[in-house]
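In order of appearance the chains are A, B, C, D, E and F, and numbering begins at 1 in each one.
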Amino acid sequence: METKNKDILIIGAGLAGIEASLLCARAGRKVYLLEKEPYFGGSAIKSEEVFPLMECATCMLAPKQSDVLENKNIELLTLSELQEVQGEAGNFTARIKKQARYVSLENCIGCGACFEPCPVEIDNNFEEGLSKRKAIYIACAGALPNAPAIDMNYCLRKKGEDCQACKQSCMFDAILYDDKDREITVNVGAIIVATGFKLGDASQYTNYGYKKFKNVLSAFEFERLRASNGPTTGIIQTKDGSPPDSIALIHCVGRKEKGYCSQVCCLYLTKFAHYAFDKIPGVKVYQFYKELSIPGKENEHFYKEIQKKGINSIRAENIEIIEADSGLQINYQNGNNKNGSIAVDMVVLAPPIEPHPETRNIARILNIELDQFGFLKTQPFNPVESNRAGIYIAGCAREPNFMQEAVVQAQDAAGQALNITED
Amino acid sequence: MQTEPTIIGFLCNWCSYAAADLAGNSKLEVPGNLTTIRVMCSSRVDPVFILNAYFQGADGVLVAGCHPGDCHYQTGNYYARRRLALLIKILQTFDIEPKRLRLSWISASEGQRFSEITQEFAKFIKEAGPNPLKKKPFFE
Amino acid sequence: MKALKLSQSPDNAIGSLLKYLFEQNKISAAFVLCKNNSRDYFYGLITDKNLLEKITPTTPIMPSSAGKMLSKLTMLEPLTSPIAVVLRPCEMRAFYELIKLEQARPDNILFISFTCKGVISIKESKDGFEEKIEAYQKNPATELTLPGLRQCCQICENFVPENADIILPLIEKNDLNNTTFLIKTEKAEDFVQGFEAETVEEELNDTEISKIKEKRARKKAEVFANITPDKLGMKGLIDIFGRCLNCHACGRACPICYCNLCYFDSADSEVGPKAYEAETETKGAYRLPANTIFYHIGRMIHISLSCIGCGMCTDVCPVSIPVGTIFTRVAESAQEVFKYIPGRNIEEKIPILTFKINEFEEIGEE
Amino acid sequence: MEQTFNPRIIGFLCNWCSYAGADLAGVSRLQMPPSIIPIRVMCSSRVDPLFILTALLRGSDAVLVAGCHPGDCHYQYGNYHTRRRIVLFNKIFETLGLETDRVRLAWVSASEGGRYRDVVTQFTEHIKEKGPNPLKKEIFL
Amino acid sequence: MKGKIIEIKSDLNTAIKNIIKTLVQKKLFDAVFVPVRIPSRESFAYLLIKDKEILESITPLPPTMPVQGARALKDLTRLGKLNLRILCIMRPCEIRAAVELAKLRQITLQNLTFFSFDCPGVFPTAEYIKSPEKYDQNIIEKIKAWQEDGLRPNCSICVNFSHYNTPADLHIGFYRNHLLIYPVSKNSQKILDILSYRAEDDLTEWENSINTLLKKKKENRSRKFSLLSNQTKGIENLEEFFTGCINCHNCMRVCPICYCRQCFFESPEQSHHEAEEYLARAKEKGGIRFPPERMVFHLGRMNHMALSCVGCGSCEDGCPMDVPVGQIFSFIGNEVQKMFDYLPGKNLEEPIPLLTFKEDELHEYEDTREKK
Amino acid sequence: MTKVGLFLCECGPNIAEAVDLDKVTEVIKGDKKVALIERHRLLCSEDGKKFLAESIKKNGFERIVIAACSPKQHENTFMEVMTRAGLNPYLFQMVNIREQCAWMTPDKELATQKAIRLIRAAINRINYHTPLKQKEIECSPDVLIIGAGITGIETALRTAQKNRNIYIVEKNELGGVLNRLQSLYPGMQSARELLQKKIKEIKSHPEIKVFQKSKIKEILGFFGNFIARIETEDKKEVKLNIGSIILTIGGETFVPAELPNFGYKKFENVFTADEFENSVINKENLPQTIAIVHCVGREKFGYCSKICCANSMKLARLIKEKSKNTKVFQFYKELCLPGKEYDQFYKETKEQGVEFIRYKNIEIGDHKIDYISEDEIKQSLSVDMIILSTGLVPGKDTQYFANLLNIPLDDYGFFKEEHIKLAPVSTITEGISIAGGCQGPQDLNDAVIQAGASAGRTLSSLIPGRRLQVEAKTCEIADSICVGCGVCVRVCTYGALTIDESKHISVVNEVLCRGCGNCAAACPSGAARHRHFTNQEIYQEERAMLK
């Protein structure tokens, strides 16, 4: 009888990937947890609070992350990408490219002494460009693993300069300029794909003025604005640094074009309203929506509680945002086809939840199917199983969903992965 | 010897201790006279710990835990709140320096807030002057 | 014996001595009876010599047994730097008993004591205490009928602090302006070296002491005459202990009762509903709180051999049962059997913790 | 009434001597009153005086403590301690005017079945004469 | 308000005794839990009585309360119910303490029936013992007049001395040489039936008299409390207030609510310190007192039990130094019970505040700073 | 006296530059509780760990204090080193002089003082540490699944493995709500076929034992070791030893009898969606006009049930399939169509001629619907039949099982999950999971995933042949002091404390205890002790800080 390989490969170390790897590791399995970024935690760690109970996201996730880091069975591979997979369920061989970090995880103690001397300053994409970072950086305070990486795309050394600023500031020989991309091969019995999502680019829906007007923000930008560990330490402000007197929350940006409801936007925009009321006394909040989607037992209560604080809700079509003297002006057609217009200081858009750009690539490597939207396709009555045996999909890689759904999918996928690799 | 006020902070492991770590990581300033005791949950803080600290001359006591609803153990901080409210009420009734005890909710991401709260508290305590019990003979 | 004489009242003289010891860094602390305000008496562990103005070591009150308090101080570890302690003879004996029971350590302690006239019951300290003290101090101790004096003190014959390093003869004294320190030990001599006082030779006044002893013995006989076996018995015990609340205050205040958790508070001594039902059935009724006399006799079994007759127990009894007198009576007869005087000698073992092979041979052989 | 009084005596018997002695009495078919309720202890020194006190206050008519003869203790010196404890106990009872002859300490070795019978018979007779423990009916204890 | 009014022919104790005897004779109860004068006559003890003859000697209404009844009842039922149906005649504060202890699993209420009565208050035990005859004289007259002189200080400020807030099954009131039976619980119907009483008499007059008295006591109480508030404000005053306390812990030992086997403040972990530690403390302050930790004990005990304090004043009664500890506990108890709208012992179903919580409450005790 | 070793980590310049470690050494050296002070440049490095291990062995340290970074960083690292060096890892205290001292205190003098206080606190505490052991207990890998609807069946299939018995208990017939459905949206597959296939699968599975028409009488025990008593179809009693329990008892559809404006049971042609799909659609010729009314009951129970919008569209499709000319109206408030497939489903439904009308208020009359539209206009529509699309509510047995297993319900009457986001199929009692309609309103997809998730949790935690690991830093009860007042029992969220009635004291179930210490603070006599955070340990820290 052919022996099955009991190890498990998990691609994507966001909430779903973390949950799946903890479950597999608890069962005593070796887990390779792949993460493209130098940090892990996915999109969830960008939030300050989580609806409907407005719990602190870091408090929820950090213990899980430490569990991953401390678990002997889990090998977290940051800056890593899947290159190739061969074999079949019970016996896959995966080739993984480990990008050079240029910082030794063994030696680095996370003191952060290297940031200041680095002469390069670029937009911090983790913070949606709201703050700057150096070429050697960590995504945000508290990001894990607590060690920086050098972004060679911007490092002066890449341009041939012999800058040694970070190396000289490091007392622990943690900077490895000659670090190389490496390839490793792992043998596993099952694979779980949890590559997550990205927010759609709102600038393609030109009527919203995103990227055109400075105070039109996309959801994550607003989220980071509110984050205690974010660029403004949690102060919500317009680009000129003053708190906005009025904020408009725009639902369903790009839904029609995409052809599906992203499920989470109605609720996270409600959460944004809560942020605004909480942080800016007297702020006016408008929401422009088409259909309200707040499924689930706890959510309506949350929605109504926040509504009570005075959200001005407008069912609207044909929204157009323009810049006016006093700020931004929203022109719209309401539910009864009447035109209206409202001036606000800040607009927050809820663009569609889209498959992570990596997903297509992963699908190709794994030889699994995508659906019409580019999400990974799953089986009827087994919504986490791909069309290829031994490969499972959890989280937003398969469909936009809530955190709790990502968690249950991860648990489901982990269970099936454990089962299939059982002798 | 030590002229600075003494402030003791009880921090819950999951939120406030993490916030303190984050404050350190972010090199935010936190008063040097605050020394912290890690407990697993704010509900572990027995009010008698605080009484003991008071009577032995602590100038301030800070108890910090997860925000209500965020408790790692579901409901611990609600119990903590009741216990400390009771203690504060007793101290208030006898007017024995109730303000030297503070109950704050600080989440794991609020390193900045940790820094602000502790600095503000330390400033308050400094202005309030030393705990009168510190040098009071025979009270205890 | 070498003695130092000061023309100060005893309290002030002790204060001067302690001040000197502080100034010379011979002690790091003093442990002595203090008065904070109005009538707040307690033992103070003083490190600041300015607080010596609060001491009042010879005031006839015993808010708690210094022996027990000193055991609290030294229970976990011996003192590493010297302290001076002023305490009464019975308190010192209690401390010695506790040392035998591993509850205290004698290291680095300079014992200062005095011949003791007895103390006024703490309950009597509430009204007119000042007058009582005045009467007490004016009265030569040979007089036993001082207002409010503890009964246990009235019958105490062990009022000479045998083991102290420094003794102040107070008992026969009504001259409040002169004080003598008898320097009994070498250790004491080291400490007082350099202390400014008139050096004299003086001994305890044995004649006076035996006179008082006699008087007290007579008083004791008088008191004990009412606590004889024929007057006690079960009925007598019920008359005496009938109003006991079972609060166990006597045990908590007793310098000898050293258990963390008294057996009579423990789960082992509890009985369940079945037992109550059965007893109620047998007797027709059942008294609650239960086991009061059981507790008192039990406590006698546990500690009467070490009872030093201080009377703390009577003092704290909320229903004024003369616990201490009964205890002293029982203790005396029990101690007599083993020829044991508690706290007299640190080397002497508590009788119940040792045995002789050839003793009580009649027992068990009938 | 006197005729029907059958005393109840709690007997603490040390495992090595007295319990064996009692067994031997049985094996030898020695006749004796059924008054003893035996409780086996490993050594007579295990008998906490409080056991005796409890028994008496709760209405046992008498208590017998039996152990190895002095010098024979299985645990070297246990019975010497027992002896002191019983002496102390008796002294306290005596001073308080309580009956001391309801408690008896007896040395009974493993071979002394006959002695066990004698001790029990004699003690039972003694208690019979004395009558029931008056403490049994006392409410205010 | 309806009940049964009976004329008192002999004296109050006998009148109540007769009712109790009837109930026992008719086998509604197997035993009675009630105070009896002790043989030496200067005090009282609770007895659980089965024997009818002993029942003759009871004093349901003793002028003093040496042991808080709940404490005695705790001894009896802590480890479980008795298979006897027991009638307990207790003062309102004792019944409330019993219910509080039942919440803490220290009393088993099964098979217990409670009679409460209009409590005129009690005399301090120590005083009573000195001259019982003096206090025994004309006790009924005293009750009638509702005199307050010489009572336990807590009794004169007690506002729960009658049926209000007392979860008894049946309440006995006194009014103008009459005894009134007021059925409180459903249980009491059976009792009335057995006694062949119908609760048809109008009790308004009695109720009015109780309300008048209540008003007076409430005034006394608020006066006393504002006095206490002044007396205890600030560290100096508080210290002065506890002057004389010798830290003997008698107050805790006689407290019906303090149910711990080993008081935390006497436990090694709280009270055993190394000599170095004591010396360090002494050095810090110049001097420390022995026994140590007097204030921690009192304030700590408040933390532990003030929410359940029924204000019976037993603690003060047991204090050898006459520290007004009962009054301060009553005062602080009132303050903290208000926080949670809680009255100890009023209702068995109401959880003790520290054992439950609400999500949205007590924000005034949190850091006032807005969440960022 | 035990030999305590103090290690100071310089953390390169991080601690060494911000804290004057020489001064620290000098001050602490006088403390007789410390046998030796060692210093290293970077203790967490391989070299540092080796140094630590060797020093422990060489000096015979019995307890260790390490002043370095946050315990969250390297507590485990050093505990491992200790274990390897033969010391119990709990005889160790870590002092955070980096994050919470060096990095937050710019003034070196202050930082040094603070470090000294923190180190002293640990030194004071360390002698009170007791060695703790990670315990292991025997456990059963077997699983009891309660409720054999589709969720239960799927859970059984996903959990079944070699060496693991699965018991599935159903009080009625197998299949639950699927028995009443025609087809499944959005794929419109036959519900019956799916169900038959699944039932066949579990019935023939060697590791699954099915109890139909059986009742759960009692469940005792805890994670790893539950005992369940079951009354079977033929009234026999069966006792099962299992390690975990999964509740899949489902929910119910709401019956709108108490909402008069929907005319249910008042007018003969008003049916619930459930009735319609289960029977009406099969029996009669469908009339000319049918209205489907959404959100029935939503206001009453206070949540959106998620499935009704799509289900109503499915019904419209079924109607159209059977009777092409029947006019179908959908009366809705908000269309809730989350997920990637439903916008398309909606579009297609609309294309089949189904008309969607948004209402604000509705009143159902005899063959007519009066409604107020969103722009506040009162309108009326005559229809022949009305289908009420009702929401999902908790099943009737939910309360029974909540009591039986002592697990809480949420505000809506569903089983309450351990954590709404992170642990949606767990309950606060470890070893008891929930899946499907009893957890909250959800569609078939969700239920199947939850089934898989609860299976996954079980598979990962109870493994045949392996013992269960128990947390070391739990609470314990000092029997001799405990009086059984139950204060600790009441504040414990996890049901880890119970009263041992025979001894009248509390007992801790260490499998369930998560070690928060709430009980320790609640216990007035200190009988409840929080291991590694005992009163003594905390006092010792406190005292050092006050010196």
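The rule is simple: a residue touches a chain if its C-beta (ideal position, glycine included) is under 8 Å from a C-beta of that chain, and two chains touch if they have at least 3 such contacts.
The structure presented is a predicted model; accordingly, all values stated were derived computationally and were not measured.
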Chain whose mean Cα position lies farthest from subunit E: A
Chain at maximum distance from subunit B, centres defined as averaged CA atoms: D
Innermost chain, where centres are averages of C-alpha coordinates: B
Higher-contact pair (C-beta pairs counted), C-D versus E-F: C-D
Centre-to-centre distance between subunit F and subunit A (centres being mean Cα positions), rounded to whole Å: 23
CA centroid of subunit A to CA centroid of subunit D, Å: 82
Geometric centre distance via CA averages, subunit E-subunit C, whole Å: 35
Distance between the centres, which are taken as Cα means, of subunit F and subunit B, whole angstrom: 31
Contacts with 2+ other chains: residues of subunit C: 34, 36, 42, 44, 46, 48, 51, 54, 238, 242, 261, 266-267, 283-287
Multi-partner residues of subunit D (at least 2 other chains): 139-140
Residues of subunit F touching at least two other chains: 72, 480-481, 491, 522, 535, 539, 543, 546
In the complex with subunit A, residue positions of subunit B that touch it: 14-15, 18, 22, 25-27, 66-67, 69-70, 72, 107-113
Touching residues on subunit F, where the partner in the complex is subunit C: 479-481, 503, 505
Residue ranges of subunit F touching subunit E (in the complex, touch as defined): 480-487, 490-491, 499, 504, 522, 524-527, 534-536, 539, 543, 546-547
Complex contacts: residues of subunit C adjacent to subunit D: 228-234, 236-238, 242, 263, 279, 282-287, 291-294, 297-298, 300-301, 304-305, 329-330, 333-334, 337-338, 351-352, 355-357, 359-361, 363-366
Residues on subunit F engaged by subunit A in the complex (per definition of touch): 11-14, 42, 44-46, 69, 72-73, 76, 158-159, 161-162, 187, 189, 194, 298, 302-306, 334-344, 358, 374-375, 410-412, 414, 419-425, 440-441, 444-446, 448-461, 463, 466
